[in-house]
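Labels run A, B, C, D, E and F following the written order; every chain starts at residue 1.
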Amino acid sequence: MADQPAPDQATGGFPHLDDRGRALMVDVSAKDVTARSATAAGTVLLSPVCVAALRDDTVPKGDALAVARIAGIQAAKKTPDLVPLCHPLPISGVSVELAVRDHGVDIEAQVRTTGRTGVEMEALTAVSVAALALVDMIKAVDREARVTDVRVLAKSGGRSGAWTRGD
Amino acid sequence: MADQPAPDQATGGFPHLDDRGRALMVDVSAKDVTARSATAAGTVLLSPVCVAALRDDTVPKGDALAVARIAGIQAAKKTPDLVPLCHPLPISGVSVELAVRDHGVDIEAQVRTTGRTGVEMEALTAVSVAALALVDMIKAVDREARVTDVRVLAKSGGRSGAWTRGD
Amino acid sequence: MADQPAPDQATGGFPHLDDRGRALMVDVSAKDVTARSATAAGTVLLSPVCVAALRDDTVPKGDALAVARIAGIQAAKKTPDLVPLCHPLPISGVSVELAVRDHGVDIEAQVRTTGRTGVEMEALTAVSVAALALVDMIKAVDREARVTDVRVLAKSGGRSGAWTRGD
Amino acid sequence: MADQPAPDQATGGFPHLDDRGRALMVDVSAKDVTARSATAAGTVLLSPVCVAALRDDTVPKGDALAVARIAGIQAAKKTPDLVPLCHPLPISGVSVELAVRDHGVDIEAQVRTTGRTGVEMEALTAVSVAALALVDMIKAVDREARVTDVRVLAKSGGRSGAWTRGD
Amino acid sequence: MADQPAPDQATGGFPHLDDRGRALMVDVSAKDVTARSATAAGTVLLSPVCVAALRDDTVPKGDALAVARIAGIQAAKKTPDLVPLCHPLPISGVSVELAVRDHGVDIEAQVRTTGRTGVEMEALTAVSVAALALVDMIKAVDREARVTDVRVLAKSGGRSGAWTRGD
Amino acid sequence: MADQPAPDQATGGFPHLDDRGRALMVDVSAKDVTARSATAAGTVLLSPVCVAALRDDTVPKGDALAVARIAGIQAAKKTPDLVPLCHPLPISGVSVELAVRDHGVDIEAQVRTTGRTGVEMEALTAVSVAALALVDMIKAVDREARVTDVRVLAKSGGRSGAWTRGD
């Protein structure tokens, strides 16, 4: 917690609100255009039956994880349309990886840009939507699937430089 | 687990894959048009400093939760664009509620339709995107925010009728 | 004013707000599916020089009004994406007409649906976006263009039946 | 009018048309990348009953203006999708303000970019869509609402430099 | 040619134009809601080197065709956003198949709806965008790829009933 | 074929796949921002009756080709939304030309950008969607229309420099 930014006095530290609490897209014109990246991760918790089905080599599942991967990549590009106060950014690279584990599927996304703001929201959006697409693929097998632990792992670039999650 | 649907033998129970593992949007023409609803929930875990800032009456936060609520409602409508194999549905109602708790913000979304497939994915998408918008609002105060426990709570309508999560 | 609906006591008559002032997309499941239509109109006020340029047969302007017409038709389909609490509707017809007048360009749009809510917002959106596209076409000639008088002229269908603007 | 640009002879001054009247998105590759901003404004004229309801402190209207503000901010980002010949631009800031007046609601939007073309259309789109969202919020109370006087107030940046509306 | 519809006298048979040549989205309110389907096909012609690379089992190409398949399915849902005068339709099923041949990749798409107009444009859009996504996947190997022979194969449902391409 | 790029050994030359065959949006951060352009073309083959109707001066067809032209321009901007692994690019100019010939309609699109990747996919998308919009306009007259020969004609800019199709 020691390296958390100090909340701004006037607005409680919420930069997307003006001093009367009204939403705005903050002006980032004065920020530098630099190479930036962010990595986020999350997990879809699944039943043992569903994990077994994903691992069962006797049924063809060619596109099962591809659908989630592609949905995540496309969602990174849609972030400013989904998150109302996000700035549009020229994304220069996205990867989304999924790994089947005993507890479900782990998802990790990395997004890169050369722009004026960071891409944490793009990375979180890629993970969240890849998770939704995966839940949709398996929901007939496991309707109790649960998306959990979606968080930023690390970021680099910009004024605040490199940061890695403490926990 | 007793009421989980039995996996289909040929495809491992993944209805969005054909028998060779290729993704498709399954034909629901033969399903009945009925009133359907789904409720989903999730939580954004926040630091005590961030929760305190959200509760601090000395700073104006008029639109802080409104942005997340509106983002969630709009995302429900975008579900077929985000989740590749989802059917477009005539959504007839969406509500998204956010409650500030000691551990963060709880989010619950309810979606209704009169259509041929259920709206679980729409409810999950509303919760997930409301959570993303909230994380974006507070990320300058708490960059370790974590979205967790996104799941379907209940659904009604359609052939399988009413269902409530067991846990 | 006599035929204005009476404001609801609890919410001040704002149906998109719940009793605590929170935005929601109201549930219209119980409304009838009926044929509905709405007509809206508006005007883009232009300088005499700009009107003369639009009327000057010595310059080819083949697509000038077509761009605005097509933008308006497409915008009617995007209404639920633009207006956060609008329901998606199966639009069954849209026409957008533009007429060059001495004072500028008059725009009128008619939208039809067979659905559970009216299409006033779709008709207003078609007029507004057709006006924006027209302003964009002529802005190098007249940067003082002004969009004015965008309003619903008439609607039909639904529980409240036919209505025509009084003024 | 003295500072209006002179119409181009060949095309009547319509830069989005080629010399045969066909629509195109003009090539701006040769324009400088500079900081640019634009301010636009407009008004939603409302009945006294509706204005009173918006001012009535006995009903909760928490999100009433927030919905319009957020819709306007999001619409600025959608401008190239709505206005067919607009260039995509890296918007670096948007604010939308609404003020309840005796005659209705005044709306003002400011948009900033660092790009090759101006953001007048983005500012006008933000105002227009904020107005549409507001009309949608209050249409059950006042179905005769009217959007009026949507125009550019000022712009800065680019080859033509700063400009402020004369009237 | 014998079963081609006879051109309408007034408009030359172009139903999306009114009698003055202006584009409109025709009113289909009076058409029946029936089950309808359409099948379209097309081919991406590729160099022998590129076909060999697609068939080479020594390189992993897991998602190569999945990307095109998913892009095609999603594009079917975007048809009314891409084709200006298309009606939005509640699509109830989409499949897109790709087959690697000696000459390149053959693509076939089938779309189903229960609605007031046919889904030929949705099927053609699915094929076209699947083809574009495939070209994007292989363009570093074969920049002379060519999309060819995109056409409707068959349709069923609606007033005109079943139709199969003659050639 | 002599100037075709050599396939990469590890991935068969498919740059959008990693070495395990998983789709990704490749990182182009290290590429230069340069002026780039691409030209693509294609043809919609039409029946003689349909060509005659397009040429018949006795029926008004004001917007017939404008709809296709505008659809193509707008589609160029939507390319990253349609083609899953395409990078978003700041498009700086688009033109789409249609010419009625004896065999149908020839379409050519030119797209310009100043960015890190080329705009071949944008030019191909503009041609493909213009073709789809044209097919939609004339489908009541000729349901056997066929889109053919969609290919890149030339490109310039970037590391690989100018290239013109050999055939």
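Quick note on the criterion: a residue touches a chain if its C-beta (ideal position, glycine included) is under 8 Å from a C-beta of that chain, and two chains touch if they have at least 3 such contacts.
No experiment lies behind these values; they were computed from the predicted model shown.
Student: Spell out the chains that contact subunit A while also contacting subunit D.
Tutor: Chains that touch both subunit A and subunit D, as defined above, are B, F.
Student: If every step must land on a chain the current one touches, say how few steps get you from subunit D to subunit E.
Tutor: 2
Student: By CA centroid distance, what chain is farthest from subunit E?
Tutor: D
Student: As a test of understanding: of all chains, whose mean C-alpha position lies farthest from that of subunit A?
Tutor: Using the mean of the C-alpha atoms as each chain's centre, the farthest one from subunit A is C.
Student: What whole-Å value do you get for the distance between subunit C and subunit E if each is reduced to the mean of its CA atoms?
Tutor: Their C-alpha centroids are separated by 31 Å.
Student: Distance from the CA centroid of subunit B to that of subunit F, rounded to the nearest Å?
Tutor: So the centre of subunit B lies 37 Å away from the centre of subunit F.
Student: If I count partner chains per residue in subunit D, which residues reach a count of at least 2?
Tutor: Answer for subunit D, listing residues that touch two or more other chains: 22-23, 62-63, 66-67, 69-70, 74, 78, 81, 84-85, 90.
Student: If each chain is a node and each touching pair an edge, is that a line, ring, star, complete or other?
Tutor: Other.
Student: Touching pairs of chains, which are they?
Tutor: The set of touching chain pairs is A-B, A-D, A-E, A-F, B-C, B-D, B-E, C-D, C-E, C-F, D-F, E-F.
Student: What part of subunit C is in contact with subunit E in the complex they form?
Tutor: Subunit C residues touching subunit E: 35, 66, 69-70, 73-74, 76-78, 90-97, 112-114.
Student: Under the definition above, what is the set of subunit D residues touching subunit C in their complex?
Tutor: Spelled out, the residues of subunit D in touch with subunit C are 1, 4-5, 7-8, 10-17, 19-23, 42, 47, 49, 53-54, 56, 59-64, 66-67, 70-71, 74-75, 78, 81-86, 120-121, 124-125, 128-129, 131-133, 135-152, 163, 165-167.
Student: Considering only the defined contacts, which subunit B positions touch subunit E in the complex?
Tutor: 18, 22-29, 80-81, 84-85, 87-90, 115-116
Student: Which positions of subunit F touch subunit C when the two form their complex?
Tutor: 62-63, 66-67, 69-70
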